[in-house]
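Two complexes follow with chain A in common, the first pairing it with chain B and the second with chain C.
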Partner chain A sequence: MGPLYPDFINPELNLLIGFLIGIGFGFLLEASGFTNTRKLAGIFYGYDATVIKVFFTAALTAMIGLFILHYLGWIDITATMPTTFWIPTLIGGAIMGLGFIIGGFCPGTSLSAAATGKIDAMAFIVGVMIGIFGFIFTFKDIWENLRNSGKLGKVDITEWIGIKEGLFIFLFTVIAVITFIGFQKWQDHWKKKLSQDDINDLGI
Partner chain B sequence: MNAYIGGFLLGLLIIAAYYFSGEGLGSSGGFRDVAITTINAVSPEYAQSNAYTANRVADGANPIHTWLVYELLGVIFGAIISAAIFGRLKFKIGKAPHITNRKRLYLAVLGGILWGIGTQLGRGCTSGLVLSGMAVNSLSGYIGLATIFGFGFIFAYIFKKLWIKTKNN
Partner chain C sequence: MKRREILILLLLLIGAFITIFFPNIKSQENVIGEKELLSEVNKAGRYASTDEIANAIINNDPSYILIDVRDVKQFKSYTIDGAVNINLDNIMDDKYKDYLNTEAYTVVLFSNGSSKADQVWLRLRCTDHKGIRVMKGGLNEWYKTIINPQKPIDNEMTAEKEKQYLFRKQASYYFTGTQVSSGVTKKKSSSKPIVKRKKKEVSGGCG
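Entry: the complex of A and B
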């Protein structure tokens, strides 16, 4: 029964699997256009629907797949469920939201973009490292109490809301489809106003 | 690549990561491990005394040999392979056309700093916290989704000039 590590896979093989999965991850981020900062920003202005389509389709696929594997008894995901600390995640999320608009990337997309020669992504990564070092050096004075506040434990959102997992996945699917249609219409609306250069740059 | 196919394959990858390794796809955790490794190399005493880094360097553990760091190495290779196939492997600065290169790079560093802090406080980024969190129905993933994108839309409105050419700029 999964996860296969650590019972059936040794630590070295586990790292190799991480490397191979990373290759797939980097490939898909690049192939989907996530190394183009304008495409990423496009989600917030509506001129490019690519990111939301990739993101929600990935979440939905993984959600349904893991639900089936769990149902069949092939994987136990309770051990890997992250612990929710709602206060720092809420504040951190707001900081990241601002960082997204100012910086035009998130960490994963910036690494794929930097690897393929995007100089703005390299600058972004320099910033990420400065931010992390700064966080570590000021951890005790500023962040420690805040980061450990609002601990709720391993909270499954379906239990938190009080509905069955299958129903939740169904509702999320409906929301995703509505979102796809809405963002596609938004992109179509923009496309009439964009220059040919913009359309070529975005690949829409 | 078609967005829905890309998303579907990415979803399969998340399932594989959980099935084999019990890990979600992540990014900021790997950056953190690199930072801690650097600190540990410069001053092991400091790394062991700092409450944030201590447990990751305890008992001589090397924080560079983590699943996330190896995964990020893979991301670099994977992105290069894709860009080479699609003819996108070249040095350039991505930005809206009306923004100067200098301004774009300053803002990229600033945005990166915000992400560096935000990920460590919020316990993950768009991939590890949100996408992988949503995959296992974690409440934290949905809090991340709502806040990163919710505040993202608010700040996008405020800083519209950075990405959209308006009459005033």
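Entry: the complex of A and C
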């Protein structure tokens, strides 16, 4: 990365900072109800849009924050730009979505939920581990060709459209904010249809 | 909507609006500060001596990539063993990216003198290429010191100069292919293979 690491933050301190951020992240997930599978899956059933609102906010904060930090010379944003492989990304995204709706967790929230003693989250983690190790040990024989298929190189959407990066960030933020408000209205509309018993039952 | 949510959205919109006035990341990459450039221009380390290059070739050191920046005609008439020809005007072509965007190799530019190679060095440095060096004095110096080395005058001869002269003499035999009594009998070397280094791709994800 940029001058923050390793110039100011040495590898040992880096681990400690990672550990503290991890604890904070887990705490906030629990505090905002993200260890509740019903709240997480609510986006797919239409009664809770918290997930989409949180992900949008997180993506926007990261996008704007990284861009500003790069401009200030504190990090090197070019080091974080991955190569795009569209086929495995599409398939991986579909699998992740299916896992999300069936299991009710994503990998991060499952760890938080397991820490609160939820047995379904522990079972979810076992499944995640089977998936990870299964992928590792069969990678050469089964997955390697798929993993490397659909390579597009380093795709830069602003270059493709031909607009300034800052302008793209602003337009994207405006669209995201409109979507955020839209989902909020959608959630309010569906919540009106739920009885108090339903809401208590779902824990939302 | 809660007030807290409205406040977060407003902050995001303000942050995003500010980014409109920032320059593109790509254009920032190409900028090197005036002071930094000046300090690098004056750094002795950006030059490689002809002795260093001769030594690297004789010892088959694979970490050097020699780039002849003269035109094809001049390149074909004479060049240093293993050198690649990339003309001054084509230096920014995408097909030569692998030669120039490398941290694992020492890229050394040369021309007849130093000025053309220096021009290319400046152009590359201003487009964020790092670790590139220039062969001091170019091929003229190469001829003077390696191909046809002159014995220092007796009253100027020191142990160090004598050692250097002996090395140059042997190097001259190496490159011209002449048999010598000191036992350096190597034939003119064949072109050194240039290994293109693939950059490691960045991968990532979330979850």
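By definition in this document, the second predicted complex is superposed on the first by the 187 of 204 C-alpha atoms of A that agree within 3 Å, B and C clash if a C-alpha of one lies under 4 Å from a C-alpha of the other, contacts with A are read in each partner's own complex, and residues count from 1 in each chain.
Please note the rule applied: a contact is a pair of C-beta atoms (placed from the backbone, for glycine too) under 8 Å apart; a residue touches a chain by one contact, two chains touch by 3 or more.
Note that the structure is predicted; figures quoted are calculated from it, not measured.
The wider contact with chain A, measured as residues touched, comes from B rather than the other of chain B and chain C. By the document's definition of touching, both partners, chain B and chain C, reach A:I77.
Once the two complexes are overlaid on the shared chain, A:V177 sits against chain C while remaining clear of chain B. In the superposed model, A:K140 makes contact with chain B only, not with chain C. In the superposition on chain A, contact is made by A:G166 with chain C only, not with chain B. When the shared chain is aligned, chain B and chain C each come close enough to touch A:T57. By the document's definition of touching, of the two partners only chain B reaches A:I95; chain C does not. Where the contact sets of chain A with chain B and with chain C meet, they give residues 53, 57, 60-61, 65, 77, 79-83, 96, 106-108, 158, 165. Every residue of chain A that touches chain C in the complex is listed here, in rising order: 53, 57, 60-61, 64-65, 67-68, 70-71, 77-83, 96, 106-108, 158-159, 164-167, 169-170, 172-174, 176-177, 180-181, 184.
Residues of chain C touching chain A in their complex: 1, 5, 8-9, 12-13, 15-26, 28-29, 201-204, 207. Partner chain B is touched in their complex by these residues of chain A: 2-5, 9, 14-32, 35-38, 41, 43-45, 49-50, 53-63, 65-66, 69, 74-75, 77, 79-86, 88-113, 115-121, 123-137, 139-140, 143-144, 146-147, 152, 154-158, 160, 165, 168, 197-198.
The touching residues of chain B, counted against chain A in their complex, run 1, 3-4, 6-28, 31-32, 34-36, 39, 50-53, 65, 67-68, 70-83, 85-86, 88-97, 104-105, 107-127, 129, 131-144, 146-156, 158-160, 162-164.
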